[in-house]
């Protein structure tokens, strides 16, 4: 069911396109040998090239090219064998050259696609318009002094991939899913760490609304540099509502660049009076066209890892998981590995269930990721094994799981120490059942009179008498035989 | 197309060059003459011609992904008109 | 002993090897020459201490038998467009009037490594934009040659300080840069040899950029042989310049005297332009004779798009310049004018930092790249550039080099053309086509005109065939027998 905004007069559809800036995980910058690491002392990771000193020249980093191609292939996109670096000219103090080296008419990667698995089991295909390589700008800080801004060029020249989606998203939820999926793909590929807090992934959010059923795009706004999935979603919600209200009040929406204020989850127009942008793109005469051979592209293609979509399909086929569960497990490669480490020896659905229901909530509570999990895959596998061979019941297993987290002990040690081993010995259970039936003649009569519900009450009594250790399946079976 | 006052003003803004009011007319005349002169290129039929952006036919040279540069903030800031604590400073920017 | 400043690099190098004099003596003679000719305003920065120090080191090397080659101990001037570590580098502009690089250009580093000694940073048109060395923030350079009327003449440009210094014997050789003729045209005006190598032959790293797809460094010398020596020292691939071409380094002296017998030269009919002084046509004809006398064959070739080279150049070069000069914004280096807002700071800094001609070119360049005009001007010009380059490719199927005049006139009086940009631009009419095609070109002094002013002939060669070009230039030099005509000779 499509997401819409119900206005006073009609329903409105939200149209979202994203321009994602993803930092390539390289050691050095795109056109210089300075470090691209996060968090250096001011201007300490700056070469003469990054500071645009007179007469200095760019030389491209081969690894960045490879990573852009890898990402393009991961987005199932067309790789352009000929691409061109152009200059995008504008003045800003954190843009030392007075232009950004970017790609314009001939980007390295053309059209591709990102597949979204929605919660309701449906899939949405979001088109990728292009991916191009460009330099990041430096960092301006405006709050350090009353009358001046501070400039640090450490980021200047770091390699970014700008990934431009088609305006295919129709809700903030889809935009969030798109960003998470894109991040997942890039992490699988190792091309971008997706760390939004450190700025290695940011998005420009293009939003417009239109009457439901219309196929015409109305004026869009661009909210720049939003740096978390949540903020992107908030920006879309705020913008789409603001625009809807504007149209319904007979106002217009103007095409403009806006900023996202994370304090109050709002977007606002930029205050700075700007001259009309005219970037005067032209091919950078300091660089030659980039030509890639088909064998170079093929080599990268051959080296691609199994990507989330393929892995999800395999999980559904090999492990008979549901699409949504499989999608959750493959979103993070480490989670997928963790799952497979367990599922190789144990029931896959039970394994998936344990990870998604129990382990994830613990990780969330502890604020750690799966690699830092207090319970290793083999520990959890052991616990699941104890359930599978009826050593303990599912309910007991949950108790053992909690103890494992608290104490760090292994499942079997906890079961032994606490004597939690399930009673599966038929004669022993039989004796207890006889005793319970004898002790409760009134309830027995009710069962015999046909009140089946009371059987459950008897199961409860038997479990109580065994402190929950009796195998519930055996108890059920024996009880029914006795009462017949 | 020729330069009128408005074009001079817009182009000067794009180039971030303050043009004195009294020079605008003069500049408009001069720049119009230059533009008119270069427009003789319109005599040439270039319909099927590729634009030439580089005279060399070699391939784009590439560097390895190694950190071999940077680490000299004092050099980077050596010629800075204004700086504070290894930052360049500029008149405050309002976003 | 002859006056040390009369020597060519080739001669001085031989004498240094023989121990006839020391590098320090050679350098001191040139420092004295500079000091006595300061009225010509050839240098923005003189570096006598650096030169003397360098000469002493050279002498020390030589005494240990470790001399570095022909350039060791040779005093040279360097156009103030090359970044020199610890030495003011201004590009002739107010905006860089306080800029001291912390790095060295590849070319000057190669010169240092060859043992050459820096006498100073020579004057130029601001950011190399000009053909007269009159747009420098540091004032005009005056051509050491004076007409019979004894008025001050321009040395040409933009490498006017370099060409003047070599002609005035204030340096044995000099580094220039050539974007549309900025080595060849001043060499012609000053009666010296100026070589623009093939684009990509010499590294652009550390040269303040004017128009990146055209800029190329090269030597200005008093003989073709010296040009060969100088080029051998500075040519070569540089991994720091992506447009540098990986070709094997050559010793350009090797085949210098092997002769031009049987070589074919092209005479492009389109280089006969309106209002060209008869003396230049005459010199051109003489040039043909000199080549033919030495066994070469000259034939007419056609370069049909020649007349469009200048307008194409005056779109492409300003466009690239408008972008290359955006970095001069008062933030990281250079002068800054106070402004209340960032934009005011930018606008005032650039208005006061750049001179009129630079501003004019930035505005033209900004305009031709701007939305709506990009295809009509910039792309159009780059297409015409393709046609111009193809003209040369066709011509070079028939001939090995092309002979033309270097300039359509001799040196002119400073006031003559400075008020009309277009008439100034026309100075480059013969040098710009080779620049657009990235081809090597050399200007060799041919004769003196009726006024006693030098006129040059230009040879244009195939890409990366400077060896052939120098061999032909050597033949031309022999034919012209311009010899030691120096401006000093005229003063008598």
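Labels A, B and C are assigned to the chains in the order they are written; within every chain, residues are numbered from 1.
Criterion: a residue touches a chain if its C-beta (ideal position, glycine included) is under 8 Å from a C-beta of that chain, and two chains touch if they have at least 3 such contacts.
Being a predicted model, the structure only gives us computed values, none of them experimental.
S.K.: Report which interface contains more C-beta contacts, comparing A-C against B-C.
M.R.: B-C
S.K.: Per-chain Cα mean versus the mean over all protein Cα atoms: which chain has them closest together?
M.R.: The most central chain here turns out to be B.
S.K.: Could you give the separation in Å between the centres of subunit A and subunit B, each centre being the mean of its C-alpha atoms?
M.R.: One centre to the other, that is 41 Å.
S.K.: Between subunit A and subunit C, what's the gap in Å when you average each chain's C-alpha atoms?
M.R.: 59
S.K.: Need the CA-centroid distance for the pair subunit B / subunit C, whole Å please.
M.R.: 24
S.K.: Using the touch definition from the top, which residues of subunit C touch two or more other chains?
M.R.: Subunit C, residues with two or more chain partners: 99, 102-103, 213, 239, 242-243, 322, 326, 329, 331-333, 342-343, 346, 366, 370.
S.K.: Of all residues in subunit A, which are in touch with two or more distinct other chains?
M.R.: 48, 51, 59-60, 91, 93, 149, 151, 278, 280, 285, 287-288
S.K.: Return the residues of subunit B touching two or more other chains; collapse runs of consecutive numbers into ranges.
M.R.: Answer for subunit B, listing residues that touch two or more other chains: 14, 16, 53-54, 56, 58, 60-61, 63, 75-77, 82, 88, 90-93.
S.K.: So in the complex, the part of subunit C that touches subunit B is made up of which residues?
M.R.: 98-100, 102-103, 199-200, 213, 239, 242-246, 305, 307-308, 311-312, 314-315, 322, 326, 329-336, 339-348, 350-351, 354, 359-360, 362-364, 366-368, 370, 373, 377, 379-387, 389, 421-422, 436-438, 463
S.K.: Considering only the defined contacts, which subunit A positions touch subunit B in the complex?
M.R.: Listed in rising order, the residues are 26-28, 32-35, 41-51, 59-65, 84, 91, 93, 140-142, 144-153, 259, 270-272, 275, 278, 280, 283, 285, 287-291.
S.K.: Taking the touch rule as given, give the residues of subunit C at its contact with subunit A in the complex, in rising order.
M.R.: 82-83, 89, 91, 96, 99, 101-103, 105, 204-209, 211-213, 239-243, 319-320, 322-323, 325-327, 329, 331-333, 342-343, 346, 366, 369-371, 374, 378
S.K.: So in the complex, which bits of subunit B are touching subunit C?
M.R.: Going by the criterion above, the answer is residues 1, 3, 7-8, 11-12, 14-20, 27, 30-31, 33-35, 37-44, 46, 49-56, 58, 60-61, 63, 72, 75-82, 88, 90-93.
S.K.: Could you list, by residue number, the parts of subunit A that touch subunit C in their complex?
M.R.: Contact set of subunit A toward subunit C: 48, 51-60, 87, 89, 91, 93, 96-99, 149, 151, 278, 280-282, 284-288.
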